[in-house]
Amino acid sequence: MANESVAFEDSKRGFWDRRSRSLEPARRFARSAEGKAPDSASNARTAAAAMLIAFALFALFNTQGIRHFARDLPGNAFTDLLVDAADKWHGMMERAGPAQVGPAVREQFERLRGLNW
Amino acid sequence: MFSPRFAFFAFLTLALALSTPVEARPVSVAVVGDSLANDLGNGMEDIFAGKPVRVIKQTKFATGLVRTDYFNWNATVRNALQHGDANILVVVIGGNDHQAIRVNGRRLDPLSNAWRAEYARRVAHFMKTVKHSRAKLYWVGLPDVRSPKLARGYRAMNQIFKREAAKHGFAYVDIWNKFHAPDGAYSSFGKSLEGVKRRIRKEDGMHFTEPGRKLFAAYVARAIGLR
Amino acid sequence: MLFPTPQFALFFFAVFAGAWLLRTKTEPRKLLLLAASYFFYGFWDWRFMALLAGSSLFNWGAGLAVASSNNETTRYRLVVFSTIVNLGVLGVFKYYNFFIDSMTDLTLALGIQRDMPFLEIVLPIGISFFTFQGISYVVDVYRRQMKPVVSPIDLALYISFFPQLVAGPIVRASYFLPQLAKAPVLTRAAVTFGFLLILNGILKKTVIAHYLAVDLIDPLFANPSQASSLDLLFGQYAYVIQVYCDFSAYSDIAIGAAALLGYRFRKNFDRPFGATSLTQLWQRWHISLSTWLRDYLYRPLRGDKRDAGWRMYRNMFLTMLLGGLWHGANWTYVIWGAILGMTLVIERSVKLRWHDWQTSRARLSSLGAAAVSGTATPTPAAAFFAAFAGWFITFHVFTLAAVFFRSPELATATSYFHAMFAFQGSSNLLTPFILALIVGALAVHFRPGNGIERMAERIRDWPALALGLMLGGGLLLIEFIGPEGVSPFIYFQF
């Protein structure tokens, strides 16, 4: 009932005054499009796999960031190994190529940023 | 022609010219370092507003002499000092350096003997590189901070700065207890330049608020002869 | 823990995995999320965990006490007491030193030099947010809009849930607690929605907000009198975009993270810069705060009847003023709130008078029933012009007021306006890149507001590899072009 009166009110308003549709409650997240209950376990697995793939991409292309992160950790025997491994991995990725993508992208970006009239 | 009266007035004019305060001659101060240097630079801009003192900030947040993987001051300091016409150069650095130094595959824990030796070496290298500019050189020590652990570290690092400054022609400016409470302990509040108690340190217990920056700049300005 | 850091990514992945493994075991799942939330909060400073726990326990007790009594006076007294305690805690931690500082200003202005009793207080992160959530819970129980929560775990989780703990959105108990009671559900659309929102948020924060600040806004506010007027003009626009991007980025990441964990939060920002009136702006900006202020400040001030005339304006103004003060302990925030309150009042009264004038004029002439009842549709041209004028005025009121929000002190703001209206200087900070950021960021506000939801639906059935490449590739690109190191979000000090 409340929804009906809201819709009626809405239609009386001009285009520029209409209430935003994006504020409606997100019912689509309660059930899948077909109306059946979603398979949460399977969806969670898909999401986890996607996140792991994202981590893998970072491991390949953001080796400098991994070096920084390892050095940010508190110093002990374990983190020493991590720092060592991060440095070695960074060296390998630099030689193989992926680690050079970041600086190249950054260079192009800085060129764009530095443009002037 | 060279009557006593003339000589007298010539002498007076010369005396007046020589006693011109430093402010009347254009001065260029370069402030180099980390976020504390930035605070100092901002404070100087405030207190020298309208005066013939130019403040050039060459600061980079979250940097130091320890984490060369992140930013290498020693490698870039010569390029960073682009304005070679600064007549005074002030360095404030070290706020982010209370952490392990990793060099040649070894980890040196903060304030250990090996760490102090390596840190002193890095400070010396930095000072030697900076010396190539023709400016008068000042090194400002770190101020006291709220965290007791950091305060201990900073006190030790200030000893290193003082020693190396003496060796490499830098004048050392000690501001350690300039912001203390009357009982000598750390306080985020203190007498501002207006003469009343204000908040001079930010919530993080380290950086300076607006009144704090002006106070910081005023102390340093006095130490370097600009006030 | 800050959001756009590797620590948070690892933390979130671990919590995500644990939470979904425990999908069918509700109590252990809640405990895991609670422990994770306290770990997240304690990462900043372990001492604050005690405050958070104390606040949660107190509000849980207050809710039970209010509900268990049937005497109206007792209930009223209890809710007032609990609100006073909550606000008192907030007041002491956040506003005590501000109050003392203001007293110092006052005494200086009167020519008295007197040292005031400052206290060395450390401001707990997020205190404004979790205090407001606690107050909303007890008041909702008092108003009989919800039943009190029996388990302290549930309430503690509601108040401390890590996605929204530190900078919002201010989630209502009546919206979130029922979700805790059911077994959570994860649709594919929720997964893609979560990923897209997180990407969107991190882009806004680390690229748009950052470069606007570093390249234009910070240099301008450091020395406004020396800057060119054109730079200053665009600096204002850039600043509101920076605040919007910074804050809505946090909300986006919070809502996205919550969606991935199976919880739904309401939108907190809805294209505010497309608003054609100030009233509409506040329906779109920091929605959770403005609705909180409406429900827990404006409505109590108003009482039960709809009020009109000066009383309505007074309540409106007070609400905006206090909303300004909530943002921080500084007079510039109060002035900001006052400006926005005043302009809102002016707009409201102008609109009412305009409507009255139009209908009375229509009645006097013979324009017909439609005109008299005020429901005649204007011509498209007239409607567009009205909307454009409304947008122009609203946007500029907001950007001008924001100069106060940004200024560390009043002198900076006055110097900014002075230089801006002096038509001086030649622009040297407004590069094509910055201009593109400003125009691009504004343009998005004129598109329909459900863009991300629709994109999430479209890519719903993408396999994990494609989603991973999108998520990883997007984050990598942002990492490469963003700043080195992390700066805290603007709203963290609240």
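The first chain written gets the first letter, and so on, giving A, B and C; residue counts start at 1 in each chain.
We adopt the following convention: a residue touches a chain if its C-beta (ideal position, glycine included) is under 8 Å from a C-beta of that chain, and two chains touch if they have at least 3 such contacts.
All figures in this text were calculated on a predicted structure; none of them were measured in a lab.
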item: Central subunit by CA centre of mass proxy; value: C
item: Chain of greatest Cα-centre distance to subunit A; value: B
item: Which of B-C and A-C has more C-beta contact pairs; value: A-C
item: Averaged-CA centre spacing for the pair subunit C and subunit B, given as whole angstrom; value: 39
item: Geometric centre distance via CA averages, subunit C-subunit A, whole Å; value: 22
item: Where subunit B touches two or more other chains, by residue; value: 70
item: Of all residues in subunit B, those that touch subunit A in their complex; value: 67, 69-70, 99-100, 102, 105, 107, 109
item: Interfacial residue positions of subunit A with respect to subunit C in the complex; value: 12, 14-17, 20-23, 25-26, 28-33, 37-38, 40-41, 43-58, 61-62, 65, 69, 101-102, 105-106, 109, 112-117
item: Interface residues, subunit B side, partner subunit C - complex; value: 42, 45, 61-62, 70-71, 146, 187-189, 191, 194-199, 203, 205, 210
item: Touching residues on subunit C, where the partner in the complex is subunit B; value: 97, 101, 104, 107-108, 113-116, 118, 120, 122-123, 222-223, 408-409, 484-485, 487, 493
item: Footprint of subunit A on subunit C - complex, ascending; value: 6, 9, 13, 16-17, 20, 23, 184-191, 193-195, 211, 215, 259-260, 262, 264, 266-267, 270-271, 276, 284, 287, 375, 377-378, 383, 386-387, 390, 431-433, 448-450, 453, 457, 460, 463-465, 467-469, 471-473, 475-477, 479-481
